[in-house]
Structures are given as structure tokens and as C-alpha cells.
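Just passing along the structure, written as C-alpha cells.
Read from first to last, the chains carry the letters A, B, C, D, E and F; within each, the first residue is number 1.
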Amino acid sequence: MARAYVTRRVHFNAAHRMDNPDKSGDWNRTTFGKCNSPNWHGHNYVLEVTVAGTPDSETGYVMDLSELKQIIQERIIAKCDHSNLNMDVDFLRGVLPSTENLAIAFWQQLEPALPEHSLHVVRLYETERNFVEYRGE
Amino acid sequence: MARAYVTRRVHFNAAHRMDNPDKSGDWNRTTFGKCNSPNWHGHNYVLEVTVAGTPDSETGYVMDLSELKQIIQERIIAKCDHSNLNMDVDFLRGVLPSTENLAIAFWQQLEPALPEHSLHVVRLYETERNFVEYRGE
Amino acid sequence: MARAYVTRRVHFNAAHRMDNPDKSGDWNRTTFGKCNSPNWHGHNYVLEVTVAGTPDSETGYVMDLSELKQIIQERIIAKCDHSNLNMDVDFLRGVLPSTENLAIAFWQQLEPALPEHSLHVVRLYETERNFVEYRGE
Amino acid sequence: MARAYVTRRVHFNAAHRMDNPDKSGDWNRTTFGKCNSPNWHGHNYVLEVTVAGTPDSETGYVMDLSELKQIIQERIIAKCDHSNLNMDVDFLRGVLPSTENLAIAFWQQLEPALPEHSLHVVRLYETERNFVEYRGE
Amino acid sequence: MARAYVTRRVHFNAAHRMDNPDKSGDWNRTTFGKCNSPNWHGHNYVLEVTVAGTPDSETGYVMDLSELKQIIQERIIAKCDHSNLNMDVDFLRGVLPSTENLAIAFWQQLEPALPEHSLHVVRLYETERNFVEYRGE
Amino acid sequence: MARAYVTRRVHFNAAHRMDNPDKSGDWNRTTFGKCNSPNWHGHNYVLEVTVAGTPDSETGYVMDLSELKQIIQERIIAKCDHSNLNMDVDFLRGVLPSTENLAIAFWQQLEPALPEHSLHVVRLYETERNFVEYRGE
């Protein structure tokens, strides 16, 4: 009953800015610096989704990766790719789009569509130099 | 009198959209598809600038890369990083920000600041999968 | 009339082996070593296709990359992905599938589907350590 | 008594196909899609092996990485590189070569050759977009 | 009270050699091989530092990454970049500069400057093929 | 008579410093900054060597890459890997080890060992952000 961790890597391009609407412009500029830049900036986000489980004895798969890819496509990429993460995405309404909050929101989008307890970690790269993991803790 | 080609790689994060203001919304949507998405999207751009010349006999350098880095920083990165390429950058006013047009505009920004005939190529990656070179031709 | 070089990067996974059917088994084993391994081996090939031209004044594009992607998809990827390059691909019949010969064959597949004189270079990575360029020379 | 995790990354190129011989051709085609392609396909596999332990006070090493490299070379690479994973590898006989099953099989090959309880994780990349971890659970 | 893991990636270039001064030259040559090369060698080290915590409700950040970057810059990069790790770095005096020992030393430098219990893992790449993780265990 | 360009990528780790012995310490410190750091620093150099030619009709190869690898190994890697580029390498005696000068010196080492006029370009990465090409011009 070996347990393996299977990861699928996808990408999307989006605009965002860090701006807390409950705070003043000064607070936002001081807190977020250039990430508060008024007319948005953007990233090539890279998303890695890891599911855990026992490989099926007939298929050798923990999960069919084309099925996992399809779930990520429908629940994340179709909504976030070439979008404005502050304005355009239904499940991000009211979410300050830090990499942390995006990773948590993506987990919440994916978890109900996956076999129970199978989602292990969501890793989101904002750039090659900055990334966040969320494990449902 | 050996001639070598020296490249410096930098990066910046920006928002943009493809939208030709002289055309109708329909034309723009049909022509540019999701790249015309109204509320912008963005990229982690990677810029490689190559200068050519003979290594100096005293320094071994075609050009001091920290000087090249400084020129790129002042003329490109300080203006484009965390910006909206359609709205925020003086030297991109009126430029449709395709990767092609950006690469050409970056050449025009850099060329006058570099030793005559030394700029060899500007390579701009919009993503890992799409990039453009401009050689001043 | 600026001339820019636009590149699209795609990938496919395929099996192959180096084996010249006009030669003896000994010659093939000596010449190709482990690349002659009888039951095939394979690679994650990465293909970069570069087209050159003047950016269109209305679109800012040398060529719509989604169109280029579609041509590569139909003429190369649909035939080569998850295939055996020695056995399965019509346009590779009789071609010894070295990276060199593949790059040349890919050029010949792509060139007639692209605007005249626009194809500039085909670069094919067999691994991260080995790659070939063909420029139609 | 600090505990550190040391990883060595290696690579090999191999052919495989997903095909369960206990099932019908239809089942295999439906279940595995293009991964069932009859004449094989292949990958540039990347394997990362992590061992855990306390750095030796005289060498500063958890384990000499050239020794780890040698064990991986003998037990995995020498058998799998430029091979057909369905046909050529003794320790994969009867194993459906999914990335999951390969990672588990590689663990079983490596674990007995390493200091007791030192093997921490085997990570196998089939492509840059798909990878599996096995931790002996 | 979600818990996320935030990583910042930085780099530095340094010289080192593996040489235990309490041992003979023969022991060092036999034990460390080319890593004992007398006139030093060097690496482009890549350092990833991960902190864990709950994203702040006002900023969306576990920690401001520019603050984390500043701490890493002052405590590690300013001392190690373009240095000799055996000779030049105060906090490495008497430390045999294996990747393991460096990762542990970097943890010890960073941990007191970070919020209590927030440092999760230090990952240090000596090359793309060799890296070490230390988690404070 | 198609002409293809075949590249082999290799790597080595070495120490160096920028210091012109004909100049004063002040000149060197001012000119080279931290690259003049007295006790050396180092890099994971990546070297790409490109040869050009017509693929052989019997082998499909411009040149057997294992032969090219062997020439690079003997003439460059065996001498430079885990070395001090200022002190240890015979063919670099008196050469200020800038990336430019190293690329030129590597060309001079490789050119006589390769088929006449086949060496096309030597590309040397000092880091992922800085690289130099030399084409024998």
C-alpha cells in the first residue's frame, strides 16, 4: 500500500496589484511599495499541484494526470489566465492577491474536486525567486 | 583584435494588454483573443542585452557588466518594472506592447547610451515559450 | 522597416534509436553505441521555431504566435508526440533520426506553411545538453 | 546532532509505454490514451535521490555524494539509460512503468545499498511538468 | 488560521575547498578528491529560505519578502558573496564548508533575526545537481 | 548539402579573481570591485560548444557528440574543473580570466582539435545572468 506524491505543473499569466481597500493610499504605498503600483503589474505564475495516494494496481497511477490537468484547467486556469486577479476572478472576490492568499484560494478551489484527502500541497511561483506552498493546514 | 559578444540578463514584472486604439473592440477581440482581455494581464519579462566588441587589454572586458547593468536599470527596468506597459512608460507612449515592439523600443532606449555600434541584440522573453530578438536591422 | 525574430518553444516526447539499415549490426553498435540500443530509448524533445519579419503596424506582430503554434502542432507535434520517430512518422520515413536530420526534416515540414522567406531557424533540443540548429542553408 | 537532507540529481533517457497486459487493447487505449501508443515513446527522466543524516564531524558530509552517485549509477542508470523500461530492466519485470511505479521501484533498488534509514525521498521527473515523489511510506 | 510556507531564492558566488586542518594532506586528498584541490574552486550557490506562518489579514503576507530579502542580504550575502568561504566569513570560522555545514550555519545566522519559530527550511544548491536542506532538526 | 549547427553543453566549477598584475592594488579594486576580492571567488561555469557542418549520410551526425564531448573533456574540463583559473591552468597562464578571455582561450584550445572550419561558436556562462560568445572573429 505504497503512498506516492504526484505533481502536475501548469502556468498562467495575470495582472494584479497589492492594495487593501480598507486602508489609506498612504498605508498601501508604504506597506506594498512598488507592488501597490496603481495601474497594475503582472506575472507568469507557475502552479504545481500535488496529490497523494496509492498507485492503482491496474493503471499504476495515483490519479490520471490528464484528469488532474483538466480539473486545474477548469477551476483555476480558465478563470485566472490572462485575467486581472483583483477584478476578474469570481473566487478571488475580496481576496488580497498575495501569493499566500492565491495559494490558499487555489487549494479551496481544487480540494472539493479531488478524491477526499488526496490534495497534498499547492505550490505557486510568482517569480522564479518567490514562491509559496499551502498544505491545507 | 578578437570580437566577443557579452550578454547581461535582467528581469521585470509588468502588466499589459494588446489593444489597438485605432480599431474597433470587435477587431481587437478577434485579432488578439485573450491578449486583449480588458483588465490587463502580465508577465515576468526576461531581457537579455548583448554588446559586441574587443576585450580591453587591461580589464579583459568588452564592457564592464556592472555599467551595462546600470544602463539597463536606468533606461528600462526603473521605468518598466511593476508598471503598466500601455499606460506608465514614457518611451512606450503610442506603442502597441507586443514583444516585438517592446524589443525594438528597448533597443532604441539602450543604443544611444552604449558605445557606438556596440549593441548587438536585444532578446526579450515574454514567457519561457515566447521570445523575440531585435538586432537593429 | 525593423526586422524582428520571433520564437515559439514547444515540446514532444518520442522514442527513437540510431540504426542505419544499410549497415551491419556490428557497424551500428560500434558507430552509435548505446544510441543503437535495440528496444529504443526516448527523449523529451524541445523544439524552438523562429520566424523573421517586420512587425505589422496594426497588430505589432511579425506573426500571430497562436497561428505559428497551430502550424507546428499540425505539422510536427501531432505526428511526433508520443510516437516512435523511426516507425510512426510519415515525413520521417527513411530518415535516420539524429537530431540533425530531425531539425532539417522539421524545417522542410514548416517552411511551405509559413510566409515566404520567413522561417529563420529551427532549434531542436534532444536533451538540455545536446541541441541542433538548422537555418535552411 | 543536526539532521540534514542531501540530494543528488541525475538523468537518463528511456523508452516506455503504458500497457497493462492483463487488459484488452481497448481498455489500454481508453485508459492510457497516447501513452499507450504501440511503438513506444520516451522521456529524458530526471531522478533526485535524497538521503538524510547527521553531517560527519570529520568530513562535513551526511554521505559522500560521489558514493551516492556511484550507487545510483550502478543500480539505476546503468540499467535504465538508453533502455526500454517495459522490456530491458531486470528489476522492472512485470512493473507497469508509470512514474509512480518507477519511483517506488527505484526506492527499492536504492534502499538496501544505503545506510539504514538514510534514504528519505526519491523524486522522479517524467517531464518538467510531471513528477512523482516516493518516501517509503 | 491557515499556515503557508513562503520561500525567497537568492544567489552568491564564492570560492571554497574541502580540507580538514586536523587531518593529513593524504587523508584530505583521499577523502575529498578534487574538492580538496589546493588553490580553491568555486560555485554559483543558490540559497532558498522558507518561512512559515499565517498570512496577515491586512497585508496577505506571512512576511514581507523584501524584509526577508534584506535579512538574508545582511546576514548571508554581504558576507559570503565573492568571498572565500574557508577564509573570509566570520560566522564560518572553523567550519568545514560542505554544503551541509553551510546550510546549518546559514540557519543559525537567519533564525535569530526572524519571528520565533518562523524559519522552516534552508535549502542550499552547490550546483544544479547537488543540494542540501536543513530544517533545524 | 544542408549545414547544421550542433551544440554540446558541459559544466565545470572553478575559482578565479579579476586582478591585473601590471596595475596597482587601487586600480584593481576600483576597476574590478568585488570581482577583485583577494581570496578568490568562484562559479559553476557552463560551456556550450557549437560545431557546424553537413550531417554525414551514413550516421546522420555532423560530428559524433561523444567525440566532441571527449575533446572538450580533455582540453578544457580536465584542466579547469575544480581549479583556480588564475593559477592552475597551463593554457591560461598570463590570461586575465574574464569570461571574454576564457571564451577566447577555450576556442583556441578546441579549434585545432576539431575538423577544419567546423568550430562555430563557444558560449560561456559565468552565471545564469552573464555569458559571453566567441566566434573566432
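Throughout what follows, a contact is a pair of C-beta atoms (placed from the backbone, for glycine too) under 8 Å apart; a residue touches a chain by one contact, two chains touch by 3 or more.
Computed from a predicted structure; not experimentally measured.
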Comparing which residue numbers subunit A and subunit D contribute to their contact, where sharing over half means same and under half means different, the two sides are different
Separation of the C-alpha centres, subunit A versus subunit B, in whole Å, is 28
At least two other chains touched by the same residue of subunit A: list those residues.
128
Pairwise, the chains that touch are A-B, A-D, A-E, B-C, B-F, C-D, C-F, D-E, E-F
Which subunit E residues qualify as touching subunit A in the complex?
2-10, 50, 55, 58-62, 65-66
Give every residue of subunit C touching subunit D within the complex, in rising order.
11, 13-16, 34-35, 37, 39-44, 81-84, 87-88, 127-128
The residues of subunit C that touch subunit F in their complex are 18, 20, 22-23, 31-33, 95-101, 103-104, 128-135, 137
